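In structure tokens below, several structures.
Two complexes are shown next, each including chain A; its partner changes from chain B in the first to chain C in the second.
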Partner chain A sequence: MSNRDRLRELLLDVFLLDPGQFRFDLTRDEVDSWDSLGTVSLAVGIQEVFGHHLSPQEATRLASVEDIMAALRAKGVDFGDA
Partner chain B sequence: METPRPDVWSLSRLLAEDLGPTVVWASPSVRSRTQAALPFPHHDPGEGIGGDTQTLIAVGGGTLLDLAKRYRAESAPGLRLVAVASIWGSGAEASPIAVMNEEGRKVIRMGSAYLPDVRVPWTALADSVSREAAEAACGDAWSHALEGFLSPLADAAVQEELASVISEMLALPIGRDDRWFEASASACRLQSRASVGLVHGIAHTLEGPLRAVQPDFGWGHARLCSTFLWPVLSLDLSLSAGAASRLEASGLEVAAILDAARRVYLEEAYERAIPLLEVHWPAVLRDPSTRTNGALVRAPQIEHFRRRAFAA
Partner chain C sequence: MRVVHEGEGSAPSGDLDAAWEDPQTFAYLPRKSGGQGDWVARTLELVPEPLRRDHFALLSSGSTGEPKLVFGSRDRARRLARVLHDAQESEPVRRTVGLLPLTYSYAFVNQWLWAKEHGREFLQTAGFSDPEAVGQVLEHADDAMICLVAGHVPLLERQLAGRVFPGILRVHFAGGRFPQERLSAVSRTFPNAAIFNNYGCVEAMPRLTLRRAEAAESAADVGRPLPGVELRRSPGGALLFRSPYAAAGFCDSAGFHAIGEEDWVPTGDCGHSGEDGRWILEGRAGEVFKRYGVKISPPLVLDSVSSAWSGEGAFYYETDSLGEMGHVLLLAPHPGKEELQAILSVLRREHPRTHWPLRIESAPALPSLPNGKFDAAAASALEGRKIEWSQRI
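== the complex of A and B ==
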């Protein structure tokens, strides 16, 4: 499974989305469950799936799926888009 | 950061203090004892207490104490609230959290207004509860300690203090022992600085439905925590390598912790609850406590519970 697919599956579970609701250009404002608890859950999931710790400051700055990918790229995760 | 905590008074100090006009709310199970020991008018819990009342003494389990915390916070902010736990487990006498039923849902309120001003250890009151209730209360206390420790919101200081509490709890028997009062008060006070997790997500979601369909089984928060702590801890450890390493880094043996969770496990209760867990699993996933679990909980993990993977 590619890292893009792993991220997509993770975000479906973290934010309790139906597959049809997901897009890689989703923003936090479009996702009801991307609240403070969702941010906590997202940080836990990223640790489990990608093995990278996000500080609370890093996690709360994320405002879109693209932000998440950028934060993971900065930690060395390859999304195959180089 | 220091955790806010109520003053701790002895029963004799409570009787000696000038409390002003005072009212007692007491659970039915302890009311004859409070009427004998506390020379104040007793009102039914939840009943208005009069505008000149300066002190409310609430004596009972977590539900009654949370009711009193809510009353003081929302209806009588100037009132002095004295909390006396009749059984350990909830830690409600020591925490700034109140859990309430609203339209069939558990709603969590938190803030300094919900913290009692004073708590009074009155350990003899635990004689009034059954052996089964005393054992389930141990599971409640264990759930607060472990879910707080494993919470993604627990900082190093909270983990260190909770590790100390957990070490003390490992030395206690499952069942009657007055030392559970202090252990559970500490566990609840500390987890209020972090969060709880899936055990509480399940307990908050299933308590109402289980009571509705099995009204004679005695379902309550403590019994649900006891029933699901071992299954959930097992799941957390299987999902998150960090959970075990955090316990071990604090000098806690994972095997000993799992054994403690297994000892509070209630097989018959689990058998009765699992069909409703399957029905309500989507709601469990949405529960705020579940969303701050130490490991990410996903829909397919209902299989862990259905197959009893923890007991394999």
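== the complex of A and C ==
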């Protein structure tokens, strides 16, 4: 499974999205379950799936799926977009 | 005052008939009273003089597990049995089959006393500890009524699978969440039965409201109060009742407490009034809690889930990694992938994240207590549980 697929599966699971609702350009404002507790769950999920810790400040700054990918790229995760 | 124990074998109700005819108040206890016999004997000494005649007492563990001896007035109980007869349209019913211990106020009034007051036959069984015997009694019981709790439904499906009992005309449920989503299974087993959701508590001795199964779609809807019964919601959300059939008082570890005719008594549940005079339960008072400042009623969450899940479901409590109380939803049997997806969709669509369970787990069957109710303590240590989904918190 590619890292893009792993991220997609994680976000479906954390935010309880239906597969048809998911897009890589989704923003936080479009996901009503992306609240403060959702942010905590997302950070734990990123640790579990990608093995990278996000500080609370990093996690709360994330405002879109693209932000998540950028944060992970900065930690060395390859999304195959080189 | 005297103590009468439930019997066994050919005399399952023990000396109950004789005790009822004797004006002396009696306590009716299970054959094995769980080491509470001495407590009951000491407690009976605390009862004031007016309650020493023409009453009866039943032992309840209540929601706290603390023993409580609840005193009912025989006259009030007789009147309630007559009210129930009309409200439950019981005239065509010729006999009732007991599947629950008679020491439960539900079985005591709805069945034993109802049969006595209306000259109907009462057939007590050993319950689902001997399912074959239950099956045989139900097969031969024409024009009969039974009283069940929701936990009996999976037992019926497993232990009496495929059996049909056309002689049962009335099926009553009480003592917990109404099995709204399992009604098709109940109707298949009892094709000629009218099914009722009864609601009450031992302090009500025991009934407060009633509805036909088909009169609502939500298990939380308990229908309208019986004639003479009043319900109201306290400012904190607790559901209170005032009833002409209520218990006269109770004894607990703090002593004797009288229940006056004008007293509003807690049912132990939270609830609110709905449409057309109906009442909607929000959960046991001890089950409704706040999570991150948001009030949560796990029974109402379960109610939502049941729109996407036809199996069984129950919950138990756990603290999350941040120290906040939450609940774990346990399903049985194991859901398929699409069923799980549908459940998750319902949670997201209808509830804020604070209402979501910490985990969704599944098992081949829900653990149950001897009375058929969900065993939450066993659930948290159940072997073979599968984690279907987790909040990661």
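The working rule: the second predicted complex is superposed on the first by the 82 of 82 C-alpha atoms of A that agree within 3 Å, B and C clash if a C-alpha of one lies under 4 Å from a C-alpha of the other, contacts with A are read in each partner's own complex, and residues count from 1 in each chain.
Rule of thumb we're sticking to: contacts are C-beta pairs under 8 Å (C-beta built on N, C-alpha and C of every residue); 3 or more make two chains touch, one makes a residue touch a chain.
Small disclaimer: the values here were computed from a predicted structure and weren't measured.
Chemist: Quick one: chain B and chain C on chain A, clash or fit?
Modeler: Aligned on chain A, chain C clashes with chain B.
Chemist: For A:V44, is the partner it touches chain B (first), chain C (second), both, or none of the two (neither)?
Modeler: both
Chemist: Give one of first, second, both or neither to describe whether A:F15 is in contact with chain B, with chain C, with both, or with none.
Modeler: It touches chain C, and chain B stays clear.
Chemist: For the superposed three-chain arrangement, which chain B stretch in 39-47, 93-101, 111-119 or 255-263 runs into chain C?
Modeler: With the two structures superposed, the offending stretch of chain B is 93-101.
Chemist: In the superposed view, which residues of chain A touch chain B and also chain C?
Modeler: In the superposed arrangement, which is not itself an observed complex, chain A uses residues 13-14, 16, 33, 37-38, 40-41, 44-45, 48 for both chain B and chain C.
Chemist: Under the touch definition given earlier, write down the residues of chain A that touch chain B in their complex.
Modeler: 10, 13-14, 16, 33, 37-38, 40-41, 43-45, 47-48
Chemist: Would you mind writing out the residues of chain B in touch with chain A in their complex?
Modeler: Per the touch definition, chain B meets chain A at residues 152-153, 195, 239-240, 242, 285-286, 288, 291-296, 298-299.
Chemist: Help me check something: in the complex, which residues belonging to chain A touch chain C?
Modeler: Chain A reaches chain C through residues 13-18, 32-33, 35, 37-38, 40-41, 44-45, 48.
Chemist: Could you pull out which chain C residues touch chain A in their complex?
Modeler: Contacts found on chain C: 292, 322, 341, 344-345, 347-348, 352-354, 356, 389, 391-393.
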